[in-house]
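Below is one structure, written out as C-alpha cells; comments come after it.
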Amino acid sequence: MEKNKGSKTDKWGVWMQRLLESLVEKHRPAAREGKLAEYIPELAKQDSRLLGMAVVDRAGKMHTAGAYRDRFTLQSISKLIALMIALMDHGEEKVFSKVGMEPTGDPFHSIYKLEIAREAKPLNPMINAGAIAVSSLIQGGSVEERVERILHLVREMADNPGIDINRSVYQSERDTADRNRALAYFLKGSGVIDDVEETLDVYFRQCSICVDCRDLARMGLCLAQNGISLRGKRVIPGDIARLAKTFMVTCGMYNASGEFAIRVGIPAKSGVSGGIMALVPGRMGIGVFGPALDKKGNSITGVRLLEDFSKKLGLSIF
Amino acid sequence: MEKNKGSKTDKWGVWMQRLLESLVEKHRPAAREGKLAEYIPELAKQDSRLLGMAVVDRAGKMHTAGAYRDRFTLQSISKLIALMIALMDHGEEKVFSKVGMEPTGDPFHSIYKLEIAREAKPLNPMINAGAIAVSSLIQGGSVEERVERILHLVREMADNPGIDINRSVYQSERDTADRNRALAYFLKGSGVIDDVEETLDVYFRQCSICVDCRDLARMGLCLAQNGISLRGKRVIPGDIARLAKTFMVTCGMYNASGEFAIRVGIPAKSGVSGGIMALVPGRMGIGVFGPALDKKGNSITGVRLLEDFSKKLGLSIF
Amino acid sequence: MEKNKGSKTDKWGVWMQRLLESLVEKHRPAAREGKLAEYIPELAKQDSRLLGMAVVDRAGKMHTAGAYRDRFTLQSISKLIALMIALMDHGEEKVFSKVGMEPTGDPFHSIYKLEIAREAKPLNPMINAGAIAVSSLIQGGSVEERVERILHLVREMADNPGIDINRSVYQSERDTADRNRALAYFLKGSGVIDDVEETLDVYFRQCSICVDCRDLARMGLCLAQNGISLRGKRVIPGDIARLAKTFMVTCGMYNASGEFAIRVGIPAKSGVSGGIMALVPGRMGIGVFGPALDKKGNSITGVRLLEDFSKKLGLSIF
Amino acid sequence: MEKNKGSKTDKWGVWMQRLLESLVEKHRPAAREGKLAEYIPELAKQDSRLLGMAVVDRAGKMHTAGAYRDRFTLQSISKLIALMIALMDHGEEKVFSKVGMEPTGDPFHSIYKLEIAREAKPLNPMINAGAIAVSSLIQGGSVEERVERILHLVREMADNPGIDINRSVYQSERDTADRNRALAYFLKGSGVIDDVEETLDVYFRQCSICVDCRDLARMGLCLAQNGISLRGKRVIPGDIARLAKTFMVTCGMYNASGEFAIRVGIPAKSGVSGGIMALVPGRMGIGVFGPALDKKGNSITGVRLLEDFSKKLGLSIF
C-alpha cells in the first residue's frame, strides 16, 4: 500500500496489505515454470522472477505488494484501449464489420482461420489479427496523432499524465514482427485494412506504452466504474466500457479465457510483457505484473495469484 | 403469469406481464427470417411461428407470455445438466482431462479441430464433441439408469416431477445422427470415450427431455440461486452451479456466445429445438421458446427478445 | 526366381536374381527404423523384419528374393482395385461426382478437409475417406457379392484363383476401425454415401484380401500392360487401367507420393500391411513386402528397395 | 508453323499444322467461361479471347497456331526455372530442407497449412509459399544478379537471347502482392527465409519474364530432352531436369494437377498469365497461351486444348 498511508491503520487495510504480500510471496517461485516472451528481444531482457500487484478501491485506497513499482509495456492490454477508441470513433456497426465478437480457441497470433472461415474478418479484437484491424480504425492525421489519442486515454484511465511509450520496446517489436506483418498483409489482401505499415506502426507503439501495476489498477477501476476514472471524470462512455469488460471475460486471456473465467471469474486482460489488468465490477481495479509466461502467453504467476485472490475474497462474477 | 394469480394485482407484476406480452408480440414476426432444425425430422415438424417466454423470481412469481405452455426438447440445454452430473460424479480434474474449457468460434458440430489441435480432447463441453465426451462420464449401471439421473436433476431443478423424454424425438435424433456418430467414433479413436453407441444413446435421450418455458425458467432460477431450487432444496453444489453459469456465458450460445455476451450479457444456454434457458444471478430464471433458428442454431426470435428484455431491465452482468 | 526355373540359366536372369537378393539383403536391416501398423491388432502380429520382392516381366519370367512367399493383406492396395470396378460400374462422371482427383498432402485417415473444403467430397480415392466413397459404389446384391467382384478382379489380375480373404485380419480391422467409421458417418452426413455399415463391411473385406509378392507383381504387370493379364486376357478396360496408373503416381504412396515420384518415379500403391504393388509401364510388374512402416504408412524397407532398384535399372517414367 | 518453312510440304507437317489450327479454333470460344487474373492489374489488361499454341519437335520443326506471337509473362512457370537453379546452387538436401515434395490439394496462395502442419516448411515448390522459399535460395551478389541468372537459364532453354522482363507487370505485381507478402513474412517468422523484400523482389521479377508460345515450346523441349536445348547444349543437369518434370506432373497445374494428369497425362506447368509450358518426354515441347483462367488459375482454353491434343496423339505418359 502506498498513496493513502493513513488508511494502513484501519483493520481491513492492514488485512488486505498482508494478503497481497503473502500472495506475492506464495506465488513468486512458480515463475521458474514459465518463460519470458523471447521473440521480442526487449521483453526477453526482463527479470523473469518479478511479481507485483496493486489493488485500488473506489475510494482510491491503493494496496500494493512486490514489484509494483516495476515498469512494463501494455502489449495486448492496449488492444482493449484501442478497441474503445475505435468504437468512439466509428460506432459498433462499423467496427464489427471489420472484426467479430467471438472467442476462437486459437493462439493469439494464429492466421489459419482468416483463410478457412467463410468471412475474411478476424474473429475478435483481442487476437492479433483483430487488434490490427482495430488499430487501422483509430482516427488521426498521422501515426503520431493516432497513438497520442491512445496514450491520452491510457493516461486518463490511469490518472497518470506521465505515462509514455518505451522506445526501445517499440523498436524491438517493430523489428521482430514477422507474424504480425503476415497477419496485416493477409488482412490487406482481404480488404479488411488499407495500409499495413502505418497500421502496424500504430499497433507496435500502442503495445509499447509503459505502465506499472498501480497504473493498471487505476485503469481497471475506471472500467469497473463503467468508464469513470478515479478522479470522477467520465473518460469512456458507459456502454463502451461495458462492452470492453465483456470482451475481457470472453477473450481477455488469449485462448485460456474460458479457463480463467472458471477459475478466477473476473474481467481481465493480459499482455505478453506479463501484465494483467483486472477488475471487480463496481468495486476495485487490479494490476498484476509477472513476466514469466505460461504456454498461452499469460503471466504464469499472475494468473495463479489472481485465482487465489479471487477465491479468498469471493470475487467471481459468476 | 400463472401460478401466483394474486400477484397480478401488484404494479410490478402487471408491468412485467405487459412487458413480456409486448416483447413476444414485437419479436414473433422475425420467426420468418429463421428456420427449423430440419436435419432432425421431428424438430422439423414444429410450428416455426411460435414464441413463448416465462420469467420466475426468487419468490416464485412466474410471469409468462405467448407459447409458454408449448413443449419442446432440451437438446443442447441438456449438455449443461450432464456436465454438472459428470462433475458431481468425477470432480473437475477428471472431467477436464476429457474436455477443455475454451470457446472455439466454430459451429457446434465441427470436427476439424479434433484433428488439427495438439490435444485430442474437445475444446469445451458445449460443442457436440465435448458434450458426447461428457455424456460418456455419467455414471450408472445401464443407459436407462444414467439417463434417469439426468432426468432426475432436470426434474429437481425445474421442480416438476412430470418431466420426461419425448420418445419420437429421441428416435428421430438417433436415426439421423451421422455427424454425431462421426464425432463419437473420432473420439473413441483418440481414446477420449470408450463406447460409442451407449454414449450416444445417453446423449440422444438427454437431448430429448421435454419441457416448457416455465420449466426452463425454474431451472434457470435454480442456477441463479447457485444450485438451490425454487422450493429451497440444494440440488447442485454451489461451485458446480457457478461453473455451469460460467460456461453459459463463454460457450452457451454456440459460436454466437461472444456476441450474446455483448448484446444481452446474461448466462444462457440454447438448444436447436428453439429453447433458451437464461438467468439473472441471484434474481430470476428465464425460459424462452421460439423454434425458428438463425444460422448458428439459436432461436432467432428468442435471442432478440432476450436482448430487448435485458436492455429494458438493465440485466447485463458486465 | 521360381516358376520358370529354366530361365535362371540366361545371363540377364542370373543378374536380376542376384540384384534382387542383394537389394533385399542390403535394405532388410532398416526395418528396425520402422514399425508395424499397431492400430490393427492382426497386423501388429507380423514379423517386422521380413522383406521380400518379386518381379515379373511380360514373358512371365518371375524373379524373387527374401520373404516373397509370405502372405499379407492388400489393405490400401485394394483401393485401386475397387476404384477400377466402380469406374466399370458407373463411369467417370458418376464416380468423380463422389470423389475428387487431387492429391492432398494430408495423412490417409485425415478428416478435417471434409469439413473445411468448399465441397464435401473427399479429395481423391486413395485416402480412406475417398476409398470408402468408392466402396459404396461397388455394385452387387449383397456385401458378399460386392466383395466377390473385387476378389474376382484381384484373382484375374494376379492370375491366381486361390486368392482369398484373411478372416482374422478382417475381424481385427472391423473391430478397430473408429477413425474409418468417423469418416464414413461424416460422409453419410454430407450425402456422399448412403449406408455406413454395409459400405465399411465391403471396405474392410477388400482390405483383408490376402496375397504374396508374386501376386502383386502379376497384378502390377496387368496394369503395366494396360489391363491385359499375364495370360493375355483383358481384365480391365485400357482407359481405366491408365487412370489407375495415374492415381498410383499422384496419390499412390499416401502423402509421400510426391517424394516417391521424385526418388523412384514408377507407378506404385502401398498398403499398411507393408505391401507395395508397383510397375514399369509396358515392361514389368513388381511386388514388395516389408511390414515395418515409416511415419506416413509406407513400408520403410520397401520404399528404399524400390528406389535402389529403379535407379539401378533407370526405370523412372520422368 | 514458322521457322522451317520448307517442312510445311511434308505430310505430317501439314497434318499437324491443320490440327493445331483446328484445335485453337475449336477451343477459343470457351474463353468466355473463364476470366483474367484480375488481382494483378497488368494481367487484367490482357485480351481474354486470345488463344495460341506452338509445338516443336526434336528436329526443331515448329508448328504454331492462333496467338502464338503474343507475349505474356511466365508467372508460376518461373517457379520451375527457379527451382532448377536452386538445386544447381545447393543440391537436393538443402533445397528440400526448406520446401517439401508433396502436392497439397490447396489453392496456390494458401497459407493455413504453414500453421497447422507439424513442420513449418511449405509443402512443395509450386505453391507460392514454396516458390518464395525457393527464390530465397537463388544465389547472387544482388537481386539483379540473382534474377539475371534466372533470365539466363530461360534464354538458354528457349534459345532466345532476347527474352527479358516486362517492367510494368513487375511493378504491378509488386504493388498488389499482399498475400505473397503475408506468405513471405510468415515464412520469415518460421525461419524458412531470411529477407522478405529482397526475396519477393527476385520472385516478382522472375514472374515477369516475358515470352511467347514458341519460347515455351522450346523450353519444354529442353526438359523433354532432359536438359539439352534445341541447339544441343546441355543447360540443365539431367537429374535436375527429371526432377522438374516430376514436379510438373504432381504439382504443375496448381490444385488441378491430379485431374490434369488423368485427362492430359503430360508434364506441364501453368501460370496465371494464361501460359502453359508442356512437353512429351523425348519427343516435343509445347507452349500454350490463353489468358482466360478457370477457378483454379489455369488457362481454361489451354487446358482443354491440351487434353484434346494429348488424346488425339495418344501422348499420355501413363
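The chains carry the letters A, B, C and D, assigned in the order they are written, with residues numbered from 1 in each.
In this section, contacts are C-beta pairs under 8 Å (C-beta built on N, C-alpha and C of every residue); 3 or more make two chains touch, one makes a residue touch a chain.
Everything numeric in this text was worked out from a predicted model, so none of it was measured.
Asker: Going only between touching chains, how few steps reach subunit C from subunit A?
Answerer: 2
Asker: Enumerate, in label order, the chains that touch subunit A and subunit D alike.
Answerer: none
Asker: So using the touch definition from the top, which pair is joined by more C-beta contacts, B-C or C-D?
Answerer: Answer by contact count: C-D.
Asker: Measuring centre to centre, with centres taken as mean CA positions, what chain is farthest from subunit A?
Answerer: C
Asker: Could you work out how far the Cα centre of subunit B sits from that of subunit D, in whole Å?
Answerer: The computed centroid separation for subunit B versus subunit D comes out at 56 Å.
Asker: Between subunit C and subunit D, what's the gap in Å when you average each chain's C-alpha atoms?
Answerer: 33
Asker: Centre to centre, by mean C-alpha position, how many angstrom separate subunit B and subunit C?
Answerer: Here subunit B and subunit C have centroids separated by 49 Å.
Asker: Two-or-more-chain contact residues of subunit B, please, as numbers and ranges.
Answerer: 116
Asker: Could you please specify the touching residues of subunit C with respect to subunit D in the complex?
Answerer: Subunit C residues touching subunit D: 100-106, 113, 123-124, 242-243, 245-247, 249-251, 255-259, 261-262, 265, 267, 281, 316-318.
Asker: Using the touch rule from the top, collect the residues of subunit B that touch subunit C in their complex.
Answerer: 110-112, 115-116, 178-179, 181-186, 188-189, 196
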